Each structure stands twice: as C-alpha cells, then as structure tokens.
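Presented below is the structure to which this report refers.
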Amino acid sequence: MRHLDARLAAQGHEVVPLDIRTVPAEALLGADFRHPAIVEAAELFAHADGVVVATPVYKASYSGVLKALLDLLPQYALTGKTVLPLATGGSTAHVLAIDYALRPVLNSMGAAHIVQGWFTLDKDITTHDDGSVTVAPEAAEALTRVVDQFSAALGGVPLLAAAG
Amino acid sequence: MRHLDARLAAQGHEVVPLDIRTVPAEALLGADFRHPAIVEAAELFAHADGVVVATPVYKASYSGVLKALLDLLPQYALTGKTVLPLATGGSTAHVLAIDYALRPVLNSMGAAHIVQGWFTLDKDITTHDDGSVTVAPEAAEALTRVVDQFSAALGGVPLLAAAG
Amino acid sequence: MRHLDARLAAQGHEVVPLDIRTVPAEALLGADFRHPAIVEAAELFAHADGVVVATPVYKASYSGVLKALLDLLPQYALTGKTVLPLATGGSTAHVLAIDYALRPVLNSMGAAHIVQGWFTLDKDITTHDDGSVTVAPEAAEALTRVVDQFSAALGGVPLLAAAG
Amino acid sequence: MRHLDARLAAQGHEVVPLDIRTVPAEALLGADFRHPAIVEAAELFAHADGVVVATPVYKASYSGVLKALLDLLPQYALTGKTVLPLATGGSTAHVLAIDYALRPVLNSMGAAHIVQGWFTLDKDITTHDDGSVTVAPEAAEALTRVVDQFSAALGGVPLLAAAG
C-alpha cells in the first residue's frame, strides 16, 4: 500500500512504513517482547498519531502474520490513535472480514477512532516489474476517499483543499 | 492441552500432537507451502478425522501464530472433519472470542462439525516443574464434558460407557 | 424457504414451518414469555431435532425480527439440536454474516451441531404470483447440497439414496 | 440510560431520547418504512450529530428489538455521525458482544466514528420505585469517561472544563 503513503505525505503527514515481512520470523514467533525488531515496532506505534493497518484476507480473516505482530505490542498500543483498516482479497465475499474480524482486535488495543476502511480485490492491484503498484481506477478512487477521511480525522489538511 | 490427549486415547482415538512452537518460524512466516514442516502439518490435518484447535486469547482473538499455521493449510483443510475449539485467557471477558473469532475461520476451512468449545482461565491451569499440567477441578470437569462430546461426535465410544 | 421443506419431508423428516411474520408483533416485542404464540414457538423448538434458521441480511447481520424471536426462547433452546443456517441478501459482500453474526447467536443457545449454511442472492430467488418460489439452478444445487448434509447430520436417509 | 442525558445536556448537547419500547410493535415488525413512528425515528437520526445506542445483551448479541429499529432506517443512516455503543448484561462473559456484534452493524450504516463503548453489569444498575436509576460507583465512573470521550469527539465542551 506504498502508493497511499505518497498521498498522506502530500497532505503533510510523516509516513513511516513498516513491512511485516522485514521483521525477523523468530522475533515475531518467539514471543520475545525485547527483541530489537519488536521494540522498534512498538516505538513506532507509540510515536504515531495514526496507523494504517493493511492485510490480505485469508480463511475469512486477517493474516496470521499481522496478528503475530499485534500480539507482541502492548495491550493498549493504539490508545488515542486513529486507525485506517485496509484489506485485499480474492472475492467480495470476504468484505466483512474488516468489520467482523479486524476491527474488534484494533478496538481491544484501545484505538480512539477506527475510520471506515476499504477492501480491494486482488485483481484490481497490479504490481509491475519495477516494484511499482497500479490500482484499478474505481478501487483507486475509493481508496483515495478513505485515505482522505483518515487524513481529516488525523487533523491533516485534505489534499483537495490544499490544492484549492 | 496434552492431558486431553490421554482421555481421547483412552476412548480409542489415535492422537497426534502438533505443537505450533515446534514448527520453524521461517516456515510459518515464509509463506512457503512446500516447506517440509508445513507439508507435514498439512498431511497430519488431511489424515485426521478430528482436530483439536487450542489457542490463547490475545487482543480479543486467537493467536497470530495459530492463524499463521492455518493460513498455510489448504483453504478446505477441515472438510469433513470434526473440530473442538479450546481457548485460554486471563479474563472471562474474552470468552466470546471462540465463537466470534475462531469459529468463523474454522468454518471457512470447511469444517463439517465444530462442537461446543471451552474457555479456561489461565489461573485454572498450573504447569509443574516436570512439565505436567493440572487443571482446577471445575474447569477440568467442563473440559472433560466437551472432550467427551467431541469424542462422541467423532464416533468414539465415550469413556464412561467404556468403563461400564 | 418452503421448497426446502418438501425435500426434507421426502427424506422422512416431519417439517413444521414457523413463519415469524405470523407471530403477533406485540408478542415478539412485548417481552412476554407467556404469550401463547411465544409458548407455542418455544414448544416447537423444544420438540424439534433439527432447526432451519433462515434470515435476510440487513445491515451486515441477521434481521431484527428473527433475533426478537430468538430472544424470547430459553437461553439453551437449541441444546442437542442440529441447525441449518440460511441467509439471503442483495450482494455476495454479505456472505460472512452467517458465520460472524448468526452462528455465534446459535452457539450461545447451545446448538449441538450447526452444519455448513448457505447464502443465496435475492436475485436468484423468484416468487411467482401463485406464491410458489423458484431458485436459480446453481443456487438450487448448492441449497440441495447443504439440505442433504443437514438431513444426514440429523440421521435422515439422503434423498438420492432413497431414490436409488 | 437517561442519566447519561443529563451529563451530555450539561455539556451543551441537545439530547432527544428515543425509547424503542415506545415505538408501536406493528411499526417495528411491519417493515413499513412509511409508518409515522418510523419516519419520525429516521428524521431524528438524520438530524443528530451523535447517536447513543444502548442495548441489553441477549444470546451473545444485541437485542432483536434494537436491530428491528435499525433495519427500518436507511442503509447509511449513520453517515457522518459519531456513535457511542453501550450494553448491559448479566455477565462479563458478554463484553465482546459490543465489538463483535454491535459495531459491525453500526459500521455498515456508515458511522463516521464509533467511540470506545462500555458494558455494564445488570447488577450495577438499580432502578428505583420512582423510575430514577442509580449506577454503582465504579461503573458510573467508567460510563462518565466514555460519555466525555463521546462528547469530545462530537466537539462538545467536556463537563470538567465547563465547570472550571
């Protein structure tokens, strides 16, 4: 979801990406809260005003890898924070996984405001050879809308207004 | 939950334990379906008639580590199988995590029959120095009840009947 | 879902339909457990071995009217029973409402076995002028499959075998 | 939950109570969107900036009567609104019903911000002969906290500040 970062940055937010796949597996699964990679992730969350949580939908829910990271953060790591939940999946039949599976977890972590999220079909996302990502027009428009709502909830200046 | 195995074995079931903590972390998180440990876990599920799924409750849901394993199994790895969901947690406030979080995942995997599960408080489970586990009497009685229902659903001979 | 009744009856089950719309509104909403219509519904559940629960999906969940009836039944009105959950909706985006919303309620009522349910799109169901109902072929086939699984779980003789 | 109204009113909010039990049963269950009582409820929602949704927990979820009312409102009746979910129940085992059952429904109605809710045990609420209600001190303190967060999210002046 790196292309969302550009839009948020353009709205004045500092965006720090955290790719869970770069967290060492033994840190995620070792239940070692003092592992440097976990400490670093926890500090990143602690300093953030807003958090974008993105996951594929597997087996009607968020990925185990995402949950493994959340499990290692403090119980109330999202206290006072604004959260944007995003999911991708192979079928619209999985749309409700955001609201029924992911949000309750984010709520249990004390999130102050979980804005309306968005579900994108896998087929609407194309990753090119150079690593860049293209989103199909209709999905891109919807993503832009939820990102701008997230930005506004954070107190950022919406891009359209800034451009005005 | 190893002490449940004895009861199931006494009822004529062959029980093969799978401790997720023994699955290599890089296999669980590497999304490599061909890793020998994942292939072995998938075959274990494929041959089983019944599956006991046990998890601690973290952040109002099952553990990420459990979900990481389930994510690597085939979409319908539970087709035709009877499943007993078990959870442990620090507070009765998490009881509903079995029905609202874990069961939908097990259902999406095609489970034929998910029997009534059970939630045990952490404080009711004592692990001794020699690795053996004791469960507080009331919790043990409830666990015995759901294990016997699971056994009956599997077609096993209930222990009490066998003892008769 | 009256056309399912015929299939279940042909498999040897006695089917007693309960159309919630025929339960007086003041009985459903009056929280009067002794209202004759509620007493009758409770007795119907008490005597049944299996229960088909069908609901439209509104607002990402089961209908309030269905829940109002369930609220008036005893806490464990489904103890020992086999349940088939069915839902209809305008979009496949609501499919997960069966597993995330309806099943936890049925579980809390003590259901022994909730078989795999089915979600049918509104557009696949046609109600004719004479009150008869037609289901689009693909949806009808899926419905037949879950009904037969339900029948088998109840111990009934599957229709195909009976026809053999 | 009428005693919350006083606190919200003291913070400068106009509070319009809507007791679902006063909505005629045949309006709630008749699926008649044009019934005057339903039109009135829909207009009340349409004009509100914030909505307090309170329900008892029955069968591991919100009440059917509450859902029957929500079912008769427009699909996006909560668009742009701030919502405070409250629940009461007989046991802390039902706490998660707010996050797993009620919030997904409110989200599907377009709610802009569902603040952290609160679950109160039935035994902590006492209704006196004159109709007044007393809440046990600890529960009252927690309720005050979520009401003030709700008020702040609405843009109201928190009571303590107003009293300063």
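By letter and in written order, the chains are A, B, C and D; residue numbering begins at 1 in each of them.
Simple rule for what comes next: a contact is a pair of C-beta atoms (placed from the backbone, for glycine too) under 8 Å apart; a residue touches a chain by one contact, two chains touch by 3 or more.
Note that the structure is predicted; figures quoted are calculated from it, not measured.
Chemist: Taking each chain's centre as the mean of its C-alpha atoms, which one ends up farthest from the centre of subunit A?
Modeler: Looking at centroid distances, C is the chain farthest away.
Chemist: Between B-D and C-D, which chain pair is linked by the larger number of C-beta contacts?
Modeler: Output for the comparison: C-D.
Chemist: Centre to centre, by mean C-alpha position, how many angstrom separate subunit B and subunit D?
Modeler: Distance between chain centres: 38 Å.
Chemist: How many angstrom between the C-alpha centroids of subunit C and subunit B?
Modeler: Subunit B and subunit C have C-alpha centres separated by 29 Å.
Chemist: Using mean CA coordinates as chain centres, what's the gap between subunit C and subunit D in Å?
Modeler: The computed centroid separation for subunit C versus subunit D comes out at 30 Å.
Chemist: At least two other chains touched by the same residue of subunit B: list those residues.
Modeler: In subunit B, residues 60, 96, 99-101, 104, 107-108 touch at least two other chains, as defined above.
Chemist: Which residues of subunit A touch subunit D in their complex?
Modeler: Touching subunit D from subunit A are residues 96, 99-100, 103-104, 107-108, 110, 112-116, 149, 153.
Chemist: Touching residues of subunit C toward subunit D in the complex: what are they?
Modeler: Touching subunit D from subunit C are residues 21, 25-26, 28-30, 58-71, 75, 100-101, 104-105, 107-109.
Chemist: Subunit B touches which residues of subunit D in the complex?
Modeler: For this pair, the touching residues of subunit D are 60, 91-97, 99-101.
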